[in-house]
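By written order: A, B and C. Residues from 1 in each chain.
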Amino acid sequence: MKQNYDFDIGKIKNLSQEEKVSRQKNLDLFYEYGFPSKQVEDWKFTDLNLILNKNFDNISNEVNFESSKEFKAIENFEHNFIFLTNGKIISTNFGHEEKSKILIEDYNQEEVKNIDPSNTLALLNSALSFGGFSLEIAKGYKFKKPLIVYNCFSQDLKNKILNNKNSIKLNEGSELTLIDYSDNNTQNNFIKNTVDTIFLNKNAVLKNVLIQNSKSNGHFYKYIKGSLEGDSNYENYILSSGLKLNKIEIEINLNKDNSSCSIYSALNLLEDQHQEIKTRINHNSPNCKSYQKIKNVLNDKSKGIYQGKIFVEKIAQKTDAYQLSKALIVSDNAEFDAKPELEIYADDVRCSHGSTSGSIDSDAVHYLMTRGISKKESVKLLINGFLNEVLEKITHNELKIFLEKILEKQINGH
Amino acid sequence: MKNQDLNINKEYEYGFTTDIESIRAPKGLNEDTIKFISNIKKEPKWMLDWRLKAFNRLSSLKEPNWQKPKYPKINYQNLYYYSAPKSSSEKPKSLDEIDPKILETYKKLGIPLVEQQRLNGIAVDAVFDSVSVATTFKDELTKKGIIFCSISEAIQEHPDLVKKYLGSVIPLSDHYFATLNSAVFTDGSFVYIPPNTRCPMELSTYFRINASETGQFERTLIIADKGSYVSYLEGCTAPMRDENQLHAANVELIALDDAEIKYSTVQNWYPGDKNGVGGIYNFVTKRGACRGKNSKISWTQVETGSAITWKYPSCILQGDNSVGEFYSIAITNNYQKADTGTKMIHLGKNTKSKIISKGISAGNADNTYRGLVDINKKATNSRNYTQCDSLLMGNKCGAHTVPYIKNKNSTSTIEHEATTTKINEEQLYYCNQRGLDQEEAVSLIVNGFCKEVLQQLPMEFAVEAQKLVAISLEGSVG
Amino acid sequence: MLKITNLKATINEKLILKGLDLDIKPGEVHAIMGPNGSGKSTLANVLSGKNGYEIEGEISFNGMNLNDLKIEERAQKGIFLAFQYPLEIPGVNTNIFLKTSLNSVRKARGEKELDTLTFLKLIKEKAKELNIDEKFLSRQLNVGFSGGEKKKNEILQMKLLEPKLSILDETDSGLDIDALRIVADGVNSYKNKENAFLIITHYQRLLDYIKPDFIHVLSAGKIVKTGNADLGEQLEKTGYANLS
């Protein structure tokens, strides 16, 4: 399929000769493998090559960054923001915070190195990335209000691929709630390939929320790689329903004692939407905790996938790891696949997983109907209850209300 | 665990060799070898053709490498594919004609071949290296119309049944080892239960690899016709040898309408010594088809032997209301590796499957559960329940759980649970306080952990299996 | 029978028992009372040989140095601990457990191991004495048992194994009045000139049923007071606060 790719490193501005050479190497390596098909174990349930062949005639990385400079900020929810168009910073506002404690700049292109040669999309990203944002929070600084990263897109992205990289670094004891908010109401087929690197130093706390705010023909892939120091905590909420194709791959390295992470997701997939959440939690140190709760509702012809792996190193004694995936299959043409995996080399651990998939409880529907609620409303009510449970742990009230609204909108199909 | 000194590793009890003369095919894998096997067995042409077809397919297949345990490359040209005790090159007509040394071997293994030992009530087919040497209780079974004989005999005597069902569950070119087996299989058991017949006794096969540098490729085919029932047991042992020996069997089960097959395995091939030298590579393909409505296939396995075990006894639930079950205990100690589990493919309506897997790793061993539950679009109102528990003993071993779960049906339910824990110190303490030493305590707790699976075994096997669980873990807590 | 001299026990670098002396002779019933955290359960654990403690001082049991013995060897020599929280062991049948335990102890004593039939006859007899339903014996060990049932099961094991020294760790906790009487009757019926009891308890109430010869008050890892049965009643009135 190589002939259909129109990938050109020359389209990326301000690269030194040296960088161009290194990027070309990544690109050549990518060409060797191409987009992954289901023969690749990590893509067993999402045949990306097949999906792209079906939906794209050709793919080009020539992207215009000048087109859109306006966006509509969310109202009645106090927040700071970074505004990105096609992945690049247009403006920022940290009006609620002490500016001296925050470093925000364009992603340093010189740091664009290849992360993992076995991940071909990361290879492609390293070849074609035009950057993104880089955020660093000073030691001990706790954000007063959430930070929303508005991801907006121009209307001329048909058959384009966006490759961007962001970096988020929280120094010792700092805290941040970061909401990655995608707004891309477009009929155009386009691809976004993002790599986020996250580093949490000792005692840092990051809440990371991923939101898709509209129905879109976007084909998104996001790779989050987090490294956690002692006593730090990473929490991730995924509310990304609405995209035609979405795969979110999260790798968290619990590198020091008492670090912890949790991943929650609530997805309501419609039509032929296809979403995969793939996680890998590496317990590299003793006394760390990880928790995952993945919930999917599959309507119409949609397909939901969860591939989760808990990996426990020999030295990681007293690990406490749990993963749960639950799916409601509402339509006869929908599908849910799961591969919850444990790979354990330490003996003094508590690791478990559970996975269930099945239909909506017909007794519950019946019960609601006897109370005068229509069947359609009853089902919606149950779906709402099923997915909302994921937000239970959020203590920040404003944030919780905000996310509940988003979820409700997604349950109603945007 | 201070105060405990438990480093004595009990020797593999069945590690003796029997010194008998054997006939072998020339070394190597080629058409001549296959013709040699077919010829010595006086097979009809259709059988030879089938073998050759498999052999030709083999060249286009690659050995699979996705499983967790890796093994050094096997030189297929350096193996013997046929080895038979010389004295039975003409199949013995009664037990009196069997080489007394072979009878002695089976006696050592505790397997009664002599008909006087009726009390056991188990009909046995014994396979020594590549050939079936004796089948007991034949007359009694024949009266009921039950066929229980070696597959070689079935090819001669019941060609229609063999032609109809051989390869119908595991296709000729399914994967490398299954295809290899189809080309070179030497013997194995054949069972046919006629309609509406309940097999009056347990049928059992004991496999023994004796000759060195020999691969064992047996083939088992069990057909339960409409409304019939059979319980089948297999046991396996091998001598201790420094080299690794390959065992690649194919087992096919077919259950027609309202029929039930219960298949139990206690696998105790030589696991290698405590440094991981020698032992059997146990690469086995076992698959059952619930072809008829209301049919049921139940697999129970206790896997304690072999250097590497790699097998996934599976059920294809084609008939409406059919049921598939898989109960497994896999114990790995020292340098053993096991990658085992099941596949439950739901095709018919109202099909049910249940998976209970207990993995125990000790020493430097690695134990993987790998399984697939696939509920297809047409399999309405189907259910699966899976429970996988792993127990780790010590900090040098690994336990892995790799389930693949696919649900394409809105009226069907899949439930999967898995846990990994270490042996509970408080429970050990409690048992010790009641006077049980460390080994007794471990054996008791592990047997408790495995209880749901052990319960599935027929009485005679359950006792043996419990002992095996204890023996396999000796020296693992120290 | 049991002589403890200047016993110190440390766990996780914390000193719990800080020099404890105790002398128990055959036929005697000793009670150890004391507030929470005074080291009562630690004493029981140390005597049974539980791992994880660093031990200083001497414990001699019928002339043997206990510190040299493994947990199961102590049990086989006649030390029995009735646990405060008896463990649940899923999948393990109570009968099978009891038979394995009894035969281990009998073997160590040089007695003949019991066959299943003799064992079942014996256990049914003992269970009846304690008003334990036979059905419990075929269930999984302690799994799904109520608190009282678990405690009765402990006393059943005691009567079965016939130890020389029985240590009852808070056996009265979680028992209703009927169960308490059954447990106490069980102990009293087993008591004789040859064996001894060490009863660890927070409250007086068990001692109303099992009359101790001595009561020791344990506080902050040391025995601070020793008296006869009257001391218990006195403590019940005044509490532990005035002692130390």
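By definition in this document, a residue touches a chain if its C-beta (ideal position, glycine included) is under 8 Å from a C-beta of that chain, and two chains touch if they have at least 3 such contacts.
All values reported here derive from a predicted model rather than from experimental measurement.
Colleague: If each protein chain is taken as a node and each touching pair as an edge, is the resulting graph a line, ring, star, complete or other?
Modeller: line
Colleague: For this structure, which two chains have more C-beta pairs in contact than any other pair?
Modeller: Chains A-B share more contact pairs than any other pair.
Colleague: At what distance in angstrom does the C-alpha mean of chain C lie from that of chain B?
Modeller: Here chain B and chain C have centroids separated by 48 Å.
Colleague: Provide the C-alpha centroid distance between chain A and chain B, rounded to the nearest whole angstrom.
Modeller: 44
Colleague: Could you state the distance in Å from the CA-based centre of chain A to that of chain C?
Modeller: Measuring from centre to centre gives 57 Å for this pair.
Colleague: Going by the touch rule set out above, which residues of chain C reach two or more other chains?
Modeller: Answer for chain C, listing residues that touch two or more other chains: there are none.
Colleague: State the interface residues of chain B toward chain C in the complex, per the touch definition above.
Modeller: Interface residues on the chain B side: 1-4, 424-427, 429-438, 440-441, 444-445, 447-452.
Colleague: For a test of understanding, state which residues of chain C touch chain B in their complex under the given definition.
Modeller: Against chain B, chain C makes touches at 48-51, 70-72, 74-76, 80-81, 83, 86-87, 89-92, 96-97, 100-101, 104-105, 108, 140-141, 157, 161.
Colleague: Spell out the part of chain A that touches chain B in their complex, as residue ranges.
Modeller: 41, 44, 314, 317, 327, 329-359
Colleague: Looking at the complex, which residues from chain B come into contact with chain A?
Modeller: 66, 377, 390, 392-422
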